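Two complexes follow with chain A in common, the first pairing it with chain B and the second with chain C.
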Partner chain A sequence: MVELYILLIFMIVGAIIAIEVKDLLSSVVAVGAVGLGLSIVFLILKAPDVAITQLVVEILALIILIRATLKKDLPFSTSGRWMLNTFITVCFIGVFLFIANKCLKDLPEFGYPIMRVAGNYLKNGLSQTGATNFVSSVILDYRAFDTLGEATVLFTAVIGVLAIVRRVGRKKDSEKLEEEE
Partner chain B sequence: MGIYLLCLLLFCLGIYCVLRKRNIIKIIIGIIIAEYAVNLFFVLVAYRMNGRAPILSPDTTITNMVDPLPHALVLTAIVISLASTALLVAIAMRIYEKYGTFDITKIKELKG
Partner chain C sequence: MSREHKKGMSLIVKTITRLTVGLILLYGIYIILHGHVSPGGGFAGGVIIALSFVHLMLAYGKETALRKVSRSAASFFESVGATLFLLIALLGFTGGYFFLNFLGKGEPFKLFSAGIIPLCNIAISLKVGAGLFAIFVALVVLNLDSEK
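Moving on to the complex of A and B:
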């Protein structure tokens, strides 16, 4: 489990670099390093499907972000209530970590999950769905409505992106008449 | 237990970035980091000591598989996070076209 700690610390260092560096392009590249580290962590945690998806999605997100940040000037303002802002943020995070530390004691210990629902899936999955990969049997059979909802969200987001990025919207008939006059 | 705390620390870094930074791209990066941390937390909860991937093989019987349910949920969440990131970036680029800056303190005129 040592490699897991090393990779997590690498991810945290990458996140700190991504947050604090001034250049936006370097920051995006640091986020890419964090995502690829996450993909390796998924492999170590025996989740190959998630690792593959994370890899693909990470590269796509990187392309989108680089497209957004290329050739843009980046003035950093330090005006405003800077100290108060920082103070409130740090207070919030402190309270969050304190409460989370208390709640973590109720979770099952790392490496010993309860698996009350998943035990049933693992026992009957092959005879009920015929899939040898249990992750795909859960996605496409036991929880297929989840996947349907995912597709809905995906298409809604795509429609939103198209509506925002499109340059000229369609005009109403009255507006067209006004332009002609 | 320590590994959960490291994961939460990553989440807190994302929250810090969202709350404190003034640049829209930095805020998007903070959201992405927080998403990574939550996904990682789910997969950490699913892990079993010396476990195997939840894939059957024809010859051997595997008894110590990891929990496949959080894997399926995380798979869904990762794809949705890509879509929401694309939407955020599209909005940020429109804001840049209109105002010529990513700085949220300079964007004051809300009227279209």
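Moving on to the complex of A and C:
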């Protein structure tokens, strides 16, 4: 468990550096360090599926962010209502910690899940679906409807990006002919 | 030096990319096809395939990568993946309900087992890989246009 706490402290330090540093590229690199630390945490907690997905998505997001911030130096606005911002942040953190302390008492202890439904999946998964990877049998057989919703979300996101950043609108054939003449 | 060499990164990066990009693509296909046997699955494998094309684009420039997979082809593959996934789900109605595992279960630990799960993995990987590559292409094209 010690390595888990070392990685958690590393990730918290990385997140603070990502917020506080002035250079945008350094900030992106710190965010990438946090993501890679998270993938190692998933490996230690014995979730290789999530670790693989976290690793590859983190690298893709990192490449896109570096491409977007490489040649731009966006100005930081740290001036202004410093006192008010700090006051609101401290108040929000206090409220969050108070409510989280009340809510998290009802959760089962870390590492000892209740396993009411999951125990059933683990017992019958191999005979009912035939897949030896239980994560795959849950997301594509027992809970395939959730995966369909997730696929729809991604599909909508891609359509939105392609519609917003396209260069020219599509024209009808008759309009094209008029322009060429 | 021909004109092609001036686009993209240096010669060292291009040589290494030529050696590794096929291996990355093969590893993505392996992760997809063995998604029901070992860790991995359609989402991770699709992102790895998208990353291999992103690798090609970063090293060789925009034109070389878009010659392999154009933007309209990426949109087409994404739609095909989504439709295929929905079609597999609807085919479950032949036996009773949505997302019924209507194919034979097969032997555990074999590549051809677990009914519809490998087919769903392939459909999701097509969708995720093509969709993320299309997003990357769109953002890079936008970036280059705003720099001019």
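Going forward, the second predicted complex is superposed on the first by the 166 of 181 C-alpha atoms of A that agree within 3 Å, B and C clash if a C-alpha of one lies under 4 Å from a C-alpha of the other, contacts with A are read in each partner's own complex, and residues count from 1 in each chain.
Throughout what follows, a contact is a pair of C-beta atoms (placed from the backbone, for glycine too) under 8 Å apart; a residue touches a chain by one contact, two chains touch by 3 or more.
Just so it is clear, the structure is predicted and the values come from calculations on it, not from any experiment.
Peer 1: May I ask you to decide whether A:V95 touches chain B, chain C, both, or neither, giving the answer as first, second, both or neither?
Peer 2: Neither chain B nor chain C is touched by A:V95.
Peer 1: Name the contact category of A:F110: first (chain B only), second (chain C only), both, or neither.
Peer 2: In the superposition, A:F110 contacts chain B only.
Peer 1: With both complexes superposed on chain A, which partner does A:I63 reach: first (chain B), second (chain C), both or neither?
Peer 2: A:I63 sits against chain C, while chain B stays out of touch.
Peer 1: Look at the residues of chain A and decide whether chain B or chain C touches more of them.
Peer 2: After superposition, B is the partner touching more of chain A.
Peer 1: Where does A:V41 make contact in the superposed view: on chain B (first), on chain C (second), on both, or on neither?
Peer 2: Touch partner of A:V41: chain B, not chain C.
Peer 1: Should A:I9 be classified as contacting the first partner (chain B), the second (chain C), both, or neither?
Peer 2: First partner only, chain B.
Peer 1: Under the stated touch criterion, which partner chain does A:I139 make contact with: chain B (first), chain C (second), both, or neither?
Peer 2: It touches chain B and chain C both.
Peer 1: Which parts of chain A are touched by chain B and by chain C alike?
Peer 2: 48-49, 53, 57, 60, 64, 67-68, 126, 132-133, 135, 137, 139, 147, 154, 157-158, 161, 165
Peer 1: Which stretch or stretches of chain A touch chain B in the complex?
Peer 2: 1, 4-5, 8-9, 11-12, 15-16, 18-19, 24, 27-28, 31, 34-35, 38, 41-42, 45-50, 53-54, 57, 60-61, 64-65, 67-69, 72-77, 79-80, 85-86, 88-90, 92-93, 96-97, 100-101, 104, 107-113, 115, 117-118, 121-122, 126, 132-135, 137-139, 143, 146-147, 150, 153-154, 157-158, 160-161, 164-165
Peer 1: Where on chain C is chain A touching in the complex?
Peer 2: Those in contact with chain A are residues 31, 35-44, 47-48, 50-51, 54, 58, 75, 78, 82, 85-86, 89, 98-99, 101, 105-106, 108-109, 113-117, 120-121, 124, 127-128, 131-132, 134-136, 138-143, 145, 147.
Peer 1: Provide the residue numbers of chain B that touch chain A in the complex, in ascending order.
Peer 2: Against chain A, chain B makes touches at 1-10, 12-17, 19-23, 25-26, 28-30, 32-33, 36, 39-40, 43-49, 51-57, 65-69, 71-76, 78-87, 89-94, 96, 101-103, 105-106.
Peer 1: Spell out the residues on chain A that touch chain C in their complex, using ranges where they run on.
Peer 2: 48-49, 52-53, 56-57, 59-60, 63-64, 67-68, 71, 126, 129-133, 135-137, 139-141, 144-145, 147-148, 151-152, 154-155, 157-158, 161-162, 165-167
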